[in-house]
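Got some structures for you, see below.
Shared between the two complexes below is chain A, which pairs with chain B and chain C, respectively.
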Partner chain A sequence: MSGGQKRRISAPQLMTLFLLARIMHAMIFRESGFRSGTPMMLALICSTAVEAVLAIPAVMYFSCGGSDPAAELFGRGAVWLRAAYSLYFTVICGATVALFTGFLESEFPDITRPLTAMALILLAAYISAGGGIEGLARAGTVVFWLFAVLFAAMAWVNEGGFDWLNVTPMTRGDLPDFVRYFAEDISSSWWLPMFCVLGAYLRNGGARAAYGYLALKLITVGTLILLVTLVLWRYVDVLGYPIFALGAYARNDFIQRFDAINMFVWTVNCVAAAGVYIFISARALPEKTSGRAVMALAAGVCALIVYRSGLEFDNAGFLVFKAAGVLLLGTVVPLAALIVKKRSERCKGI
Partner chain B sequence: MDGRRVPARLPAALSDLNEIFGGSADLNTVKFEVSGIRCAVATLEGMVKSADLSKMLFEPLMAYKKRNAAPKDVYMFLCDGGAFSTEKHAVMTLGDAAQKLCAGFAVVFIDGCPRAYAVSAQGFATRSVSEPDSEPNVKGTREALSDSLRTSMSLIRRRIRDPRLRFEIVRAGKLSSTELCMVYIDGKTPEGLRRKTKRGLEKIRTELILTSGSVIPYMAHSGGKFFSGVSTTERPDVVCSKVSEGRIAVLIDGVPFAAVCPALFIENFQTVDDAADRPYYATYLRWIRFFAFFLSSLLPGLYVAAAIHHPEVLSRSLLLNLLASEERTPYPLMAEMLIVTVMFEILREAGIRLPRAIGGAVSIVGGLVIGDAAVTSGLISAPLLIIIGITATGAFCVPSLNPQMTLLRLGNILAGGFFGFFGIALLCTVTLVGACTADSFSVPYTAPITPLTVRAIKDVFVRISPKHRPNGGTVEELNGVSEGESAE
Partner chain C sequence: MQRYIKRLVLIISAVAASVLLSACGPITEVQRRVVVHAVGIDEHPGGYEVSYQIFSGGDGSSGGPVDASESTVVTLLAQGRSLYETEESLRLQTGKEVFLGDTELIVISEDLKDEPLDSFLEYFRRSDVYLGTNVVYCRGKAKDTIGAKLNQNSATAILLRGVIESAAEAGRACSSRIIAISNALEADEAIALPILTLEKEDGEDEDQSLTDLTVGVFGSLLVSGDGKRVELDENEVMGIRLLRADAAEMSLEIGIGEKTAGVRLEELRLARRVEIRGGRPVLKLTIGGQCSVMYRPPETEEGEIIEAAERQVLALCESAYRAARDSGEDVFSVGRMLRKYEPEFAEAAGKGLKEAANGAEIEVLCDLSKYSP
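Presenting the complex of A and B:
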């Protein structure tokens, strides 16, 4: 993570990459006893507020002209810290691919075998990561608009009606759900460690990227929760993937069901997100090695383990791993880097 | 190149020249005397215009009379305006003389003078300025770039009558020593782009340059492999439009096409007629081209994927129709689609390669006879033939992207056939990232869509009236152009 690299992506592009990663997580979110409603909405608002606070060290670090928190702390080596970032995103990549494969297997069982699907996704992500972060960021913007068009189209031709009675006030009994969703959302904030790595490529506007993302996330995920609550509510438990279930109510004269079209856009997003994760993981290895291939293979192994073990993102162990990564790699490391940077600047001033 | 100096003695000079050309039959030498001094003019057969040479060189030389003239006097007479040609050069070495002869110069050797004199009298036969066959239009110019570099240069100069328009010649090709001409507008084209292009052209190591394909790899600075950041055109008006936007065009002597860089993806959907038509109609046509591109690349693959893996997507009546027609055919749907696609490519290729008079017959045989017979005999279903017909017609709307569309079509059929929409999505993502990764001299290929440049995107999906964009814009103003690289 050398600081001398060219800063090539803009704040809106980085924002879009964060959002795509978050949407990917929301898409493959599947939980038993899922209850969308007021607790989930409140949890989203609270967790976004907490994320805004957690992002302050990273935002300040990049606003002060920092480019690489790991290098700031441990010099050019920083092998262990880089390896930690690499490991974290390899696991996230593997889990994302495995859970998406799970979705494919449950909703489209005839398409291909799970192992083939995982291999193909990782191969496409590996090729995509080869284009560098610029290509991924530019493609990410297109994918984002693809999503926007898909959701707009589904909303346009949706036959499901809004039932405002589904919105119930939060009661004391909803507190465990609220806590669960809050923890789930905070632990899914791996955009913070992503920010610490990709901030090095950002031309300017670290604060814009971070807080712009949080605002956009609040609007996007909030709208999705609202839609799911108003249209589906408890039926999500029957239909499985909440966002996917929304498409079940959309049809017109040309398209009878939106399932396959949803899957098309989700696959595009999965490859784009996995490509970004592989790119981030590969940065930990020296440039001369074939880091991308190694990391794609490692992600493949992770995906296989997650798939075979049947883990979900809301599994307790996973929750702790994700949250620890967010706090340590996304907040503590940039905070320490900020302190070191400020100190060294003060020393230079003296 | 032969570095020997031109011998002072005329017989030796002519003999050495003859030796360099190995007694080639097209080397002509004419010997004569000017004020008692023996001279010879060497030319290559068919490379000079005899009538011009006679007027420009022989008549003044024959009229030159001086008592006790020395060889140096005759040489000085030529240098001081004795020959009327606009391009004249002193020649010091035999290699230089040979090169000038190959370029269509007449070289004058004077007995007793250790140097020669080259006079431009090019008169080789070239094709006259013709219509742009590969880029036809309705309301634009009917002139295409010519095989002759000078003619092409004049076609551009006639359209940009500004002294800031620059033509810079670079020679390339070990054997062909072809003249390449960089065309740009001083002050609009970034200096870094000009320098990098020139450096790239100077690096050409191929022996012959017979097509723009020999030059483009040296112009494409970086970026993706599937899409090229360098475009080609045979229209002088397009070249003018591009250079006015701060780009560089490279003309190649002997090739009626110019290579232009940097090129953008969206430019494939813009035509000269867009500027001539009413904005709302031009906008409509532009959208038709966008639609045709996606239709041509995706439709066969989507059809196969939907019919094999996702029949639930299609409406019930459409699905029943498809099933009924597919039941009569012997092959699996994917194989059937592949066969028809490959057949179409064979017919298209045959139509291009055959003489025009017979080319039409191929389309009749292919389209009507084979198509009708295949459907009637039950080998191919009628809906599939309709799909291929629409796809093929769509591909003709965006001819500059035809190679990419053809390969994507084939890839999507395979991906859709094996893995349904999932496979097509994978291929689309890799293609999308490939396009987004491509750039030419730090100008993103997908600009101004991504990275987004709001003021430029107006002219992408909608044709803006020139009244609202009198000065146009330059590629350097697009977002995402790496600072300090294009202007380096």
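Presenting the complex of A and C:
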């Protein structure tokens, strides 16, 4: 890693990148029989608590002055471990772009051909990744504020009223829903492997970035679940995409429909998130090769496979893949790196 | 040099993205669309006759400003075995794409009241139809209501929606938005949909028969998922709104002795609690609010008016409770209240929750002492 002082980002910037990736997942998440309510809210709280625990090794590793868990473990021979990160984020990037294209196709039919949309998004993401992590972080901050303003505006001009009867206590019958949402939320925590890679570029404040992100995620996703439960309730299943559904019931004299604004913000968010994934994937390849281009192409192939096979993020196989990546690349690797680092420091001390 | 090439690539990508993803792609131009404002559904042999109230602003070829007056609102009829077929029929009739995103109102003829509401809602439950669109029934043919000329004006969708909103403000109609209906049916609850009635104004000459019509909401239809239909009068609807915490304001005419007074109930609030007594749910409700006098007989005391208003509110609740009990439906969201406050009872009741909810006793207290002369 060629990390000079110029290639460092701040904790809030890293936090924003994590949040954009999570928001992107929430935007394109769709499942049949979607039931927003108490089990989902409790699952979010529990999974956030578990994520806080899972993040401890990475936070401690970067707080101890570590910069690259893969290199810490295997030195120059860390290529295969980097390749694992690379593969993981290539698949995540491909799936994100494919599912976003699925969203475009279902909500805005006849606008463009899906393959063109995928190619354009990946091209834009490839170019964004070329700006380096600082460029991505700056662009991400702008996109985050765009999203925040849009989210607040949609919530503010929403025409629905709050129905507190929709908030019911959890019963034994809700347990399967709770377990499913918990598993889905944990498996979508790929900010942990992201942290292991991008932590190397962090100026300082690894704990601030990780726990700040978790707090922001809890507020953002929690607010979304609460609004969907109180205002839209079961109707969200009809519309499919929860954040989009929030905009579908919002209008005033000035803005009658939020669809186009949503599409714009979501597109730039998708480009920013995919740009970060390509940037991470490209780190596995030697610097002399056209790493970004290769990874963008690989993500394109993944996107095509996911799109053609009609896979969704809640697919069981996908769930296992995502969760395995989170646990192995996001927790086990930094934990091992932390142990190795502590031992070597002890040896040096002796 | 490389920097400039990079910038050029970025600009080209941005332009390509905006052209291909949002704007100048193979999309339908506004002149090639039929923008539907209201939909009326009538019975037709073997299917439906649907009246589409559309905005007809011309093809735009003449230039100049678009004429947005009511003369540009026209109603077109299309028949088909299903609503999808009628939409296709309208498309072929006009040669334009049908756009339902601006639909303000869906009117169903009362001749179709026995058909499951879901068979209509299924068609309108799509992402391009606004989920706040009102769904109402009407006396007689829906095409007459949609296409009526009211006091020299067309019965535009906005005007009809205004009529429904006024009735709702006065407390005589419940919310009838697609989302509210859909969620109520999903929760196995019944919902009261307003019935639009087209009437001739009194005292007008016979020769003005086409322009002396008025439209109003004078009743509602209690609709449930299992196809049961019960007609409700205004008092029953007002009671339902009070007991469902669905009314913030309401106008009442109250009797004081042999005289009458008019009051406006404002800042209405409902505190709800449910408890299990003797194995049966008991709903405990407290209605509170402010009572403003609009007119009153001379020499009437403040206490008298409040007392009469409270009596009237309790009478409305009583009539709503009787109507709900007779219908056998869960009208006051008792099932959901049981799930919230008595989850063990609700779980034990299982599929019998609706019956348990309908068998609930209701105790109502009313306090309108926040008096405003």
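Throughout what follows, the second predicted complex is superposed on the first by the 343 of 350 C-alpha atoms of A that agree within 3 Å, B and C clash if a C-alpha of one lies under 4 Å from a C-alpha of the other, contacts with A are read in each partner's own complex, and residues count from 1 in each chain.
One rule holds for everything that comes next: a contact is a pair of C-beta atoms (placed from the backbone, for glycine too) under 8 Å apart; a residue touches a chain by one contact, two chains touch by 3 or more.
Predicted, not measured: the structure shown is a model, and the values here were computed from it.
Asker: Taking the superposition on A as described, I'd like to know which of chain B and chain C A:Q13 touches: first, second, both or neither.
Answerer: Once the two structures are laid over each other on A, A:Q13 reaches chain B alone.
Asker: I'd like to know which partner A:T267 touches here: chain B for first, chain C for second, both or neither.
Answerer: A:T267 contacts both chain B and chain C.
Asker: Taking the superposition as given, does A:I127 touch the first partner, chain B, the second, chain C, both, or neither?
Answerer: Once the two structures are laid over each other on A, A:I127 reaches both partners.
Asker: Quick check for you: in the superposed arrangement, does A:E105 touch first (chain B), second (chain C), both or neither?
Answerer: Neither partner.
Asker: Under the stated touch criterion, which partner chain does A:A117 make contact with: chain B (first), chain C (second), both, or neither?
Answerer: Once the two structures are laid over each other on A, A:A117 reaches both partners.
Asker: Both chain B and chain C contact which residues of chain A?
Answerer: 104, 110-112, 117, 120-121, 124, 127, 257, 260, 263-264, 267
Asker: What residues of chain A sit close enough to touch chain C in their complex?
Answerer: 104, 106-107, 110-112, 116-117, 120-121, 123-124, 127, 130, 159-160, 165-169, 171-173, 232-235, 238-240, 244, 248-249, 251, 257, 260, 263-264, 267
Asker: Can you list the chain B residues touching chain A in their complex?
Answerer: The touching residues are 224, 306, 309-310, 312-316, 418-426, 428-430, 432-434, 436-437, 444, 446, 449-452, 479-480, 482.
Asker: Provide the residue numbers of chain C that touch chain A in the complex, in ascending order.
Answerer: Residue list for chain C touching chain A: 6, 9-10, 13-14, 16-17, 20-22, 25-28, 101, 125-127, 130-132, 179, 182-183, 186-187, 333, 336-337, 339-340, 343, 346-347.
Asker: Spell out the residues on chain A that touch chain B in their complex, using ranges where they run on.
Answerer: 6, 8, 10, 12-13, 104, 108, 110-112, 117, 120-121, 124, 127-128, 131-132, 134-136, 138-139, 141-143, 253-257, 259-261, 263-265, 267-268, 271-272, 275
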